[in-house]
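As written, the chain order gives the labels A, B, C, D, E and F, with residue 1 at the start of each chain.
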Amino acid sequence: MSLTVLNVIVAVVIAIGFAALNAAYLVWAERRGAARIQRRPGPNINGPFGLLQPPLDGIKLMTKQIMIPGGADKILFMVAPVLAMAPAILSFVTIPFSETIVAHNMDIGLLMIFAFASMGALAVLFAGWGSRNKYSVMASVRAVSQNVSYEIPMLITAITVVMITGSMDLKVITNAQAGGFWHWNIFPSLHSPLMPLSFILFFICSLAETNRAPFDLGEAESELVAGFHTEYGSMGFGLFFMGEYANIVIGASLTTILFLGGWDCPFGLFPGVWWFLLKIYLLIATFIWIRWTFPRTTIYGLLNLSWKILIPLSLFNLLLTAGLLKVF
Amino acid sequence: MSILALYNNLNTFLYLAALLFGMGIYGLVTRRTLIGMLISAELILAAASINFMAFNRFTAPDPTVGQIFTLFIMAIAAAEAAIGLSIVLAVYRNYKSIDTEDLVELQG
Amino acid sequence: MGGYFSDIFNGSKSLLIGMGITFREFFKPIVTVQYPYQTIKMSARFRGHIELIADEEGKPKCVSCGMCERACPSGCITLGSVSVEIEVDGKMKKKKVLSKYDLDFTKCSLCGQCVENCNFGAIEFSKEYNLASSNKEDFHFNLLKRLEERNV
Amino acid sequence: MSAPIQLQPGETFILNVGPQHPATHGVLRVKMEMDGEYIVKAETVLGYVHRMHEKMGENRTYAQYLPNLSRLDYLGALGYTHGHVLLIERAAGIEVPERAEYIRAITVELNRLASHLFWFGCYVMDLGGFSPLMYALEDREYILDMLEAVTGARLTYCYYRFGGLYNDVDDDFIEAANRFIPRMRKSLKKYAALVTGNIIFQKRLEGIGHISAEMCRKYGATGAVARGSGIDFDVRKNEPYSVYPEFDFDIPVYHECDSMARFKVRMDEMEQSLRIIEQGLAKLPGGPIMAEKKPKNIKLPVGDFYQAVETARGSFGIRIVSDGDKNAYRLKLRSPTYSNMHLFDEACEGMMIMDALAFMGSLDLVIPEIDR
Amino acid sequence: MNPSMAITEAPGLFTADGLTGLIFLIMMAVTLIGGLIACCAERLVRAVAGLMVCFIGVAALYYFLNSPFVAMMQMLIYVGAVCITIAFAIMLAAPEESKKNGPAGPLSGPLGFITAGIVTFGLIVMALRTQFPILPKVNQGTAKEIGIQLLTQYSMVFELISIVLLIAIIGALVLARAGRSK
Amino acid sequence: MIQETTREALQSLFAESAPAVEVEAGAPRGNGVITRDYNAHGYHLDAQVAADQLVAAVEIIDQAGFFIESITGVDWIKENQLEVIYDFSRYDFDTCRVVIRTRVPRDQPIVPTITTIYAGANWHERETHDFFGIKFAGHPHLIPLLLPEDADFHPLLKDFKA
């Protein structure tokens, strides 16, 4: 216990800063990237390349009046954005950015991230219910059923990796993949020949868990106006937004650690935090790229994908890996 | 004894668990709706789990036993929640109410 | 079972094709115009609001016949004229002179009937399009005044 | 049949989709009785942008009424104006020069293409894909630039006149149009790969929004809605007007009766429009663009006249009951979307809301045209 | 006073131990407040929110009891699954919030309070009076050891629990589908 | 082809002696079927029926496989009559446009509904009710469609003052 508590507090402060910065500049990157895909410039007026846009947007959000719709459950309405943001930030505590840069390495780090991630669904549920808006309620029910059903294949896939490594410690998992990209979990190994598949499964699940297009059923703007945050303005909306982007960063980090070797260099040389950041931002760029390419799925299509394709495949992969681990 | 060292004391946890248990009992008696009762039952289970964990930490020779039992309680609680809530939904569909007073027909 | 896997395969393939298209688009040049900073020159036939055409002396060509006023479906043109006596070829002659030409642009639907119906070629379309204001009065144009301002 | 919605407490709830809703593209309101995400009953509420165009037709001269026609459907304005001028020419017996008719056909088809492109982009955006809208708008800009250079406006054209055209096309236009056709063909291929072939898109449209041919007949659905239900109906072929008999083009028909069929019909129609434009540009004759004998103030003979044209959204009909005056005694506009939208109430029952909105998008609604 | 592992000298507030103690106090308060909301809130959704808060507090207490694994499982299962299921059920079964969820009758409030008070008091007294023996630890109780124990000594129970869960899933499905016509 | 058969079918509604010819232009015509010059008028058959024959006439049209184009009204204030015009057309290439019209007195404008035959007549009838105040007997939901919900005026009547 002892010193770690102080550590954790410092880490949380840093994590909040990191998450906020990430959220702000990922929005910028997303807008610029989407604009390029659509052949327009994107935000480019404020500052060089529009780099001052995110802080100005933040100031705008913070100076806006907080509106609470009449008949809403005020407490839930106010608590939900915080609840969406807090677990995402807490998850940063245990993510190892490099051998040394980690706030508090836990031997059950992976489990912790999943535990905190599961709280996000409740935030969405409370937000939708608290807003007392039919669109919000429908959206939150959708978002939660989506989160719950994608948590299962995600966990199963993560367990496959855990079985190979024999640890839930993110540092141990990373170190097991050290020494060149051919050691990474994404590539098939003797024990788990279907590893590329599980990478894709995990990636799809993290898309769905973070409510990103094409799985953004919770905020399907053409059907449910803005989904569960229809009624949110000012910083309430800002917190949801930050939470979403923080979740994206965590999803990308987790994918990097589990499958892409964390801070490991692809050629086995000079491992370091830069490799980690490079990998997660490449993954995030893919997130953005996917979002601006595909239309949205339907809720039943989404659930079918999870229950009929992802879960059987991930279970099969789990069994195969378990069997091969026993045999070899 | 300092108040800041309470976390290292078995009795703290036992009192806490007792209070939670009491809250659960109070809720169970006073709640009118099935879901409210279920919530109270979850509180009672949580109190029991805390006791298990506290004894596990302070007195038991094998500190895995209490944890394992807590895990079992969790599994049972999850199963109970799933079954209980689907019963609630089934009741709701038939009686359009989850208020226990409206469900007297269920007796016998 | 075969259908199950071929569905997954074909589906994934179509997704990759789509991503390939957006990837290529990413590197193509920007096609938009940065509107307030850059503007486009309007085509020669662009129908903006109307303006009076001046003759050689800088006076409006309009003889205030009222054809445009009558042709306008929305009734947004108001003409006014005064009779003055001017000397033409040594004779005093009465002539109608345009004293007022108001365009209520709030009602105008830019159909161009006024220009088409003008037998004297006295009005034309302007090429202005960034007309935005929060004040309704800004769209009540006094075309005579605008003509004078242009002449200066 | 839309009987009034009566709420049964506890079981269902009412969801107001619109009048301000991102999926309704304007101010349409659909009162939906929902059971969870399923629609039990829907009732469309219209009239939020009603402007009484028909009354305006009664107190304006025929020429003054021309700009009104382009306000019906802001995306495919030329088709509606075409109907009006054709009706007046038919009733007043005005001979239109061939060049004018060819230019009309070319511009109408360009406008149809622009309208379909905009619909395509918005439809994909309804389904959550944003980028195709931008690509479609880029292609549409070329059309609007061309049309602006000819007509002087980008949306509300008011280009046709009784007996001809407002002004002639120049070589720049023909050159631009000729450049545009191969470009558009390439774009259509891109759309096919990016959107039509996309598995998510297919899953969202296939089997959604089934409209049988019989239902089309009962509701009077026309345009792509009818053609997506296997009905081989296009006014350009069935009741040829203008110079359409001169052109070689096909009517795309799909028999699946679902949203995907309607989508494909419109995508194929773009291809057919390109063919018409290509032929029109090749065949474009010289000569005047305005009828020689044309009365200054048009008065129609006493009687009842009707003209149907195929606009981007379906069969647009205009009826003038004339008492011999210089404005109509009664002017009726039969807008295609009005009938197409009417289907929605019945067809969406039992659908999930997101399917219903995907289905609504496939009807290609332009609300001002419904409300008139 | 129990002769449990009492620390003799009081830690200062700004030492690491002191901070740990402070956080423990906060978490204890969180647990109790959450529990109070869960059993007394008028609206059921708020009761679930209270339950969630209470569970988060309990998870933190587990962490203080040297079992981070169980703490995380508590979060995952109770907060992430049970609370969400309950909230879902509330949305499906109790759409109108205005209906009062307070005490069932005029007597049930005081009655419940007395019952709960007696039980709590009894438990506390028992805890006070009992001398708990302290035995030397045989292992650390880490996740790995829990896993080994689960699959060796408690494998039977483990299997039974999984069957119970399976039956619960099937039963829930059957019950939930029974009334659905579509 | 269909033109003749439909004409014959519609003709059967009228007594043999009914005049099937148009009287002077402008004057109210009698009930009967007229074949119009398509090139001048834009439709082929023009049948005027009495209000109580309407449903029978529309049934004939429905049997023949026509689709409904529109329903509208005309206010003949001089004759103190309101006319309801039904437009029908065909999907196939055997082009035939049929116009069915009926006239009712202005002070008692009641016409039977055809929503039972053509479900799509619903909105058209509501719209005609909005604009002219013509009541469609048996219509399931005759409330204002395009006008405001509480509208009690009928803007297309010739004596309507805005």
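In this section, a contact is a pair of C-beta atoms (placed from the backbone, for glycine too) under 8 Å apart; a residue touches a chain by one contact, two chains touch by 3 or more.
Quantities reported herein were computed from a predicted structural model and do not represent experimental measurements.
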**Message:** Going by the touch criterion stated earlier, list every chain that contacts chain B and also contacts chain F.
**Reply:** none
**Request:** Go through A-D and D-F and name the pair with more C-beta contacts between its chains.
**Result:** D-F
**Asked** Measuring from the mean C-alpha position of chain A to the mean C-alpha position of chain E, what distance in angstrom results?
**Response** 28
**Prompt:** At what distance in angstrom does the C-alpha mean of chain B lie from that of chain A?
**Reply:** 32
**Message:** Can you work out the whole-Å distance between the CA centroids of chain E and chain F?
**Reply:** 74
**Fill in**
Residues of chain E that touch at least two other chains are 17, 20, 64, 69, 73, 81, 88
**Message:** Two or more other chains touching the same residue: where does that happen in chain D?
**Reply:** 10, 13, 131, 135, 138, 194-195, 198, 200
**Asked** Could you say which residues in chain B touch two or more other chains, in rising order?
**Response** none
**Complete:** Contacts from chain D onto chain A in the complex sit at residues 13, 15, 21-23, 34, 37, 124-131, 134-135, 138, 194-195, 198, 200-201, 203-204, 352-355, 357
**Prompt:** Within the complex, which stretch of chain A touches chain D?
**Reply:** 34, 37-40, 134-135, 138, 142, 213-214, 216, 220-223, 225, 292-301
**Asked** Okay, in this complex, where on chain A does chain E touch?
**Response** 1-3, 5-6, 9, 73, 75-76, 79, 106-108, 111-112, 114-119, 121-122, 125-126, 129-130, 137, 141, 144, 148, 151, 168
**Message:** Under the stated contact criterion, what part of chain A meets chain C in this complex?
**Reply:** 33, 36-41, 289-290, 292-294, 309
**Request:** State the interface residues of chain E toward chain B in the complex, per the touch definition above.
**Result:** 2, 4-7, 10-11, 13, 17-18, 20-22, 24-25, 28, 31-32, 35-36, 38-40, 44, 47-48, 51, 54-55, 58, 61-62, 64-67, 69-70, 73-74, 77-78, 81-82, 85-86, 88-90, 92-94, 99-104, 108-109, 111-113, 115-117, 119-120, 123-124, 127-128, 132-141, 145-146, 149-150, 154, 157, 161, 164-165, 167-169, 171-173, 175-176, 178-179
